[in-house]
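The two complexes that follow have chain A in common; it is paired with chain B in the first and with chain C in the second.
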Partner chain A sequence: MASSRLIGLLLVAPALLAVGALFVYPLGFSVATAFTTKEGILTLGNFYRAFELYSVDIGFTLVIVGASTLLCGLLAIAIGGYLTLGENPRAVAILKWLYRWPLFIPFVVAAQCMRTFIAKNGLMNNSLVSLGILEPIQTTSLLDWRGIVITFVWKQTPFVALLVAGAMASLDRSTIEAARNLGAGRLRILIEIVTPQVLPTLVVALILSFVTMMSVLSVPIMISGESPTMMTVDMAFRINAYGDYGTANALGVLSYLMTGAVAWIYLRRGIRQGGKP
Partner chain B sequence: MKPILKLATAAALALALAPAGANAQRVTLNVITAGDQNMVDYVKDYLGPIFQKSNPNVTISSVGTGPGDAGSQKIAEKIIAQKDRASWDVDVAVIHQKMAGDLVQAGLLAPYTKDIASGKMVTSDNSKMALGAKVEGYVIPMFNSQTAIAYNPALVKNPPKTYADIEAWSKANPKQFGYNGIKGGMSGVSFVVGWVYANAKDANKLANGPYDANEKASWDPALAKLKEFNKTATITPGNAGTLDMLNRGEIAMGPVWVDMFYTWMADGKLPPTMKLSLVGPGMPGQPMYYVIPAKAANMEAAKKFIEIATSPAVQADGIVRKFNWYPGIDAQHVKSQLDDATWNKLFVDVTPQELASKGKSFPIKQYFDDILEAYEKKVVN
Partner chain C sequence: MAGAALEIDRVEAAYGATRVLKGVSLAVRPGEFVALLGSSGCGKTTLLRAVSGFVPIAAGRISVDGRDISGLPPDKRDMAMVFQSYALWPHMTAAGNIGYGLKLRGWGKARIAERVGQMLAMLKLDGLGERMVTQLSGGQRQRVALGRALAIDPRILLLDEPLSNLDARIREDVRHEIKALQNKLGITAIHVTHDREEAMVMADRIVILDAGEIAQVGSPEEVYNRPASAFVASFMGAGNVVRLAARRDGSGLVLGAGELSNEIQVPVAAVSGPADGQVVAHFRGEAATLGAADADEAGKLILRGRIAQASYPGGHWRYGVAVGTQHFMVDDPRRLPVGEPVGIGLPLSSLHLFAAGSPADRA
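== the complex of A and B ==
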């Protein structure tokens, strides 16, 4: 008995050590740095500076990531819905093949492409102008916070759609058929029958996307330099320009709190379902 | 340094160098450069082969740490992290001014310039002082670089000569002036510093010290003006972002690095009609420095490497002809190596006289940090 327990401990030890060394220690260290001065004295000065200089960016981070998460959810439902309820097999096949592509493209590459795509005289506007849809004078650059949202949504929607479409495909089709027999349109079936049943999966996918987007530096730094921008850019700037880890970590703690809040929803849901992830 | 440490260092150095001398084994020289990709390319594709011709047993390993002060910060962190080790795995580093001062003061660099021939060919001010910190003996500039205002002559009939001109022009042509703020690269930082210089009581004090913490309050009117100016300007994504937008015709004017401007033009990424104007009272430029960490594992090879890299021939052909930088060592040693046409190409839009009178250095470190933070506080917040 005792030896099997020892073996059990030994088996779990590498994983525990890895989590401890690579996650718990750095997390603790960064939280501690956020509350201390360079000389090691306890302080709230870092948070004061973070709010004084970056309150706009903190708010915008929430707006950008929140709006992106919402749009991802809507688009994913639309894509998943068409894959489940679509009646043209060819269109369904094409959509199924196409929608996953952005999954395999890193954020930094997506940002690089968007830089030239959504610029004032970029590919998108030039195409619209040559199609006669826009006049050259009407074009505007989307290389600001809107560009960040566009890139996030483009990159993250396939991930949410993948999970949502999978959940939709495994639904009991009889509920859909029953609604159809009673004369419900496809949109109504999607909104009233399908979506409520896949809601748990949707929420989990959106929470994971939220956390991912919170941590992205490449997209905001490449699409929009400032005015306003995301907290990750400010954190990088604090370290690179001033070597000021205190304020950077204070901003980090604030973003832990944001992701922590959504993680809490995720965990609560898991507990309610009896410990299922 | 404590005697025991000194002894340990000497022993470690002897150990580190012994195998290289004893059996002429292959040595890997680690060259780490801050800066854009062109810096890594320069070391790997240009300097490396030249150096290996005369040192066949040395392999160059070239690593880039990224643009701006961020790149230098990473190099400094790498050196500081192995401070207590006997020998360090960085042999030659190329860093910015801000970090050079810090590293010299922390005793982490080796004073090497007296040991190599090109050490005597550098007498410029920025080889002695870096943003107010004494670095003489520890650094040789790899090149000098300068920022200036690039403009499209088709859209800008009367190019601005001063910051006041830019302000007026941007008011009349909203969203046609673009710069990258201070978080996306040094060309934007340079524009902001130039703005403060133009409006400060005593720009010389900012560049040379002494530091006075109360000075920053006097910038408030200038920064308030800059906040207004930003409303008429376009904020671009990065140094390359400004050039991209100029190229696509989205902006008509913006601050750029002179070397990047010419390189992009040579690569066909900018129309050859674009022009530069170095506006008064002046815009900053900066060198990048070759340095050797105090406990570099391959000290001798490192010195040889820098000696070749800063020789007049390499400075002429590599720095000036191929990469459009201003030379790092004194110009008279380099000019004689080049034909007039190549040399003059550097000075088409910005004359040597303008460069001398309007090419400023960045402010000393404390003022520099103050300016950046004041910009964050008063302009973008």
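== the complex of A and C ==
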């Protein structure tokens, strides 16, 4: 009995060590730094400073990531819905082929693409002007919070749509046909029959996207240089400009708390379903 | 057919290059219960799905009360289907499922609740309305699916093998319940099944499909006792097949299997098709009797063989009888030893005779 327990421990030891060294230790270290001065004395000063200087950015981050998550969800439902309920096989095939492309593009490249696309003299405005839809004087740059949201949604929607469309495809088709048979139109079926059945998958995909977007530095730096900006930019600035790890880590702890709150929803769901992810 | 609730006229359908329905025509009277019966791949489900609008038809016409509905989408056909998998919505309660069609029709909440209550009572689901459908048993789910279809009072009820997921004991009860309900409501119903007994028990008329074509349409008694072809005879349980030599004798025919049997005189009309030369005879094991190997009874064909196998399925014994190189399954109430020489006695009424090589002989 004792020897089998020892063997069990030995078997999990490498994984435990990796988690400990690469995740728990750095996490613990940065949390500890957030609560101490440079001299190692316990303090809440880093948090005071973080709120004093960056409370607008904290709210801004939540709003941007929240709105992006919501839009990703809506677009993913629309894409998944069309793939599942669309009746034009050619359009379905084209959409299926197209929508996954941004999945393979890193955030930094996505941000660079967006800079050239949504700037005042970017591809989008130039096209609209040459089509006669806008006058050159009417063009505006979207390289601010809107640009961040657009980039996040463009980059993250395919991921959510991939999971959601997969869940929709694996639904019992006859549940859709039964609604159709009773007289429901396709939009109604999407809202009342299909989406509620894939809701668990949708929630998981949105939570994972929320956590991913919270941690992106390249997009806010490249799209919107002006204030307010996202917490990741502030953290980088505190470290690069002042070597101020304390405030940066305090901001880090705050983002842990935000992502932790949504991760808690995810884990609670997993436990309810018997440990399934 | 004048006054038909549903008329299917030379309907053709295909999946890609595979033709699944090859010009099927059928008229269903109001209030009639019609079973589409056939083996897997015969086109019965495709026909039902063509009627409901889920499979587009390549040619022909489907009309309800004389109105052509061939081009209408499924949601505009005023039919309700009960699916094999029940297709209940797992995120809704039993009452939510039953009331959904009424919600789509714009009924008020109170009116829906009243109608759902009636349905629950009629289907013996009282008190289960607020349960999620995932918490119901197979039989209860089946009833909810039926309730959902009946709640909207559809012009035509379509049943796609609704009993195949139930265990045998419950299935027997539900068969009778559905039939009784259909009688009471006077609703026109089309039922797809591969289960012969289910079709016999439930339907007013049975349509036997074979490779996308109708092999026979008739009452349960007709298709059972007077199968139009060897295929129908086999499908309806007359699975024992023996080839007999036929020769003209005055106004009748004399049939026999050479030294394996005696000879029997039959009228020419007893055989489907031109009956010279070879005749194929189909018979059921329960319609035959076992007697002495050397018996020769007038009006009975006696096939002489030996008992090769015995089993007891309940109520009677079932014997595999070897006659020459062929095997026949025959039921008998007596227990007989394996190896015993016997004669399989077949009165003319038990034989379904088809001229060999004629269209009716296609099995």
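One rule holds for everything that comes next: the second predicted complex is superposed on the first by the 273 of 277 C-alpha atoms of A that agree within 3 Å, B and C clash if a C-alpha of one lies under 4 Å from a C-alpha of the other, contacts with A are read in each partner's own complex, and residues count from 1 in each chain.
In this text, a contact is a pair of C-beta atoms (placed from the backbone, for glycine too) under 8 Å apart; a residue touches a chain by one contact, two chains touch by 3 or more.
Owing to the predicted nature of the structure, the values given are computational and were not obtained by experimental measurement.
With chain A as the common reference for superposition, the partners chain B and chain C occupy compatible, non-clashing space.
In the superposition on chain A, contact is made by A:K120 with chain B only, not with chain C.
Once the two structures are overlaid, the count of chain A residues touched is higher for B than for its counterpart among chain B and chain C. Of the two partner chains placed by superposition, only chain B is touched by A:F237; chain C is not. When the shared chain is aligned, no partner comes close enough to touch A:P106: not chain B, not chain C. By the touch criterion stated above, A:A179 is placed in contact with chain C alone, chain B being left untouched. In the superposition on chain A, A:G260 makes contact with neither chain B nor chain C. After superposing both complexes on chain A, the closest C-alpha pair between chain B and chain C lies 47 Å apart. Those residues of chain B that touch chain A in the complex are listed here as 68-70, 73, 180-184, 188, 230, 234-238, 241, 244-245, 248-250, 369, 372-373, 376-377, 380-381. Contact residues on chain A toward chain B in their complex (touch as defined above): 52-56, 115-116, 119-122, 141, 143-144, 221-229, 233-234, 236-237, 239-243.
The part of chain A that touches chain C in the complex is made up of residues 172, 174-175, 177-185, 188, 192-193, 196-197, 199. On the chain C side of its complex with chain A, the touching residues are 52, 54, 73-77, 79-81, 83-85, 87-91, 100-101, 104-105, 148, 152.
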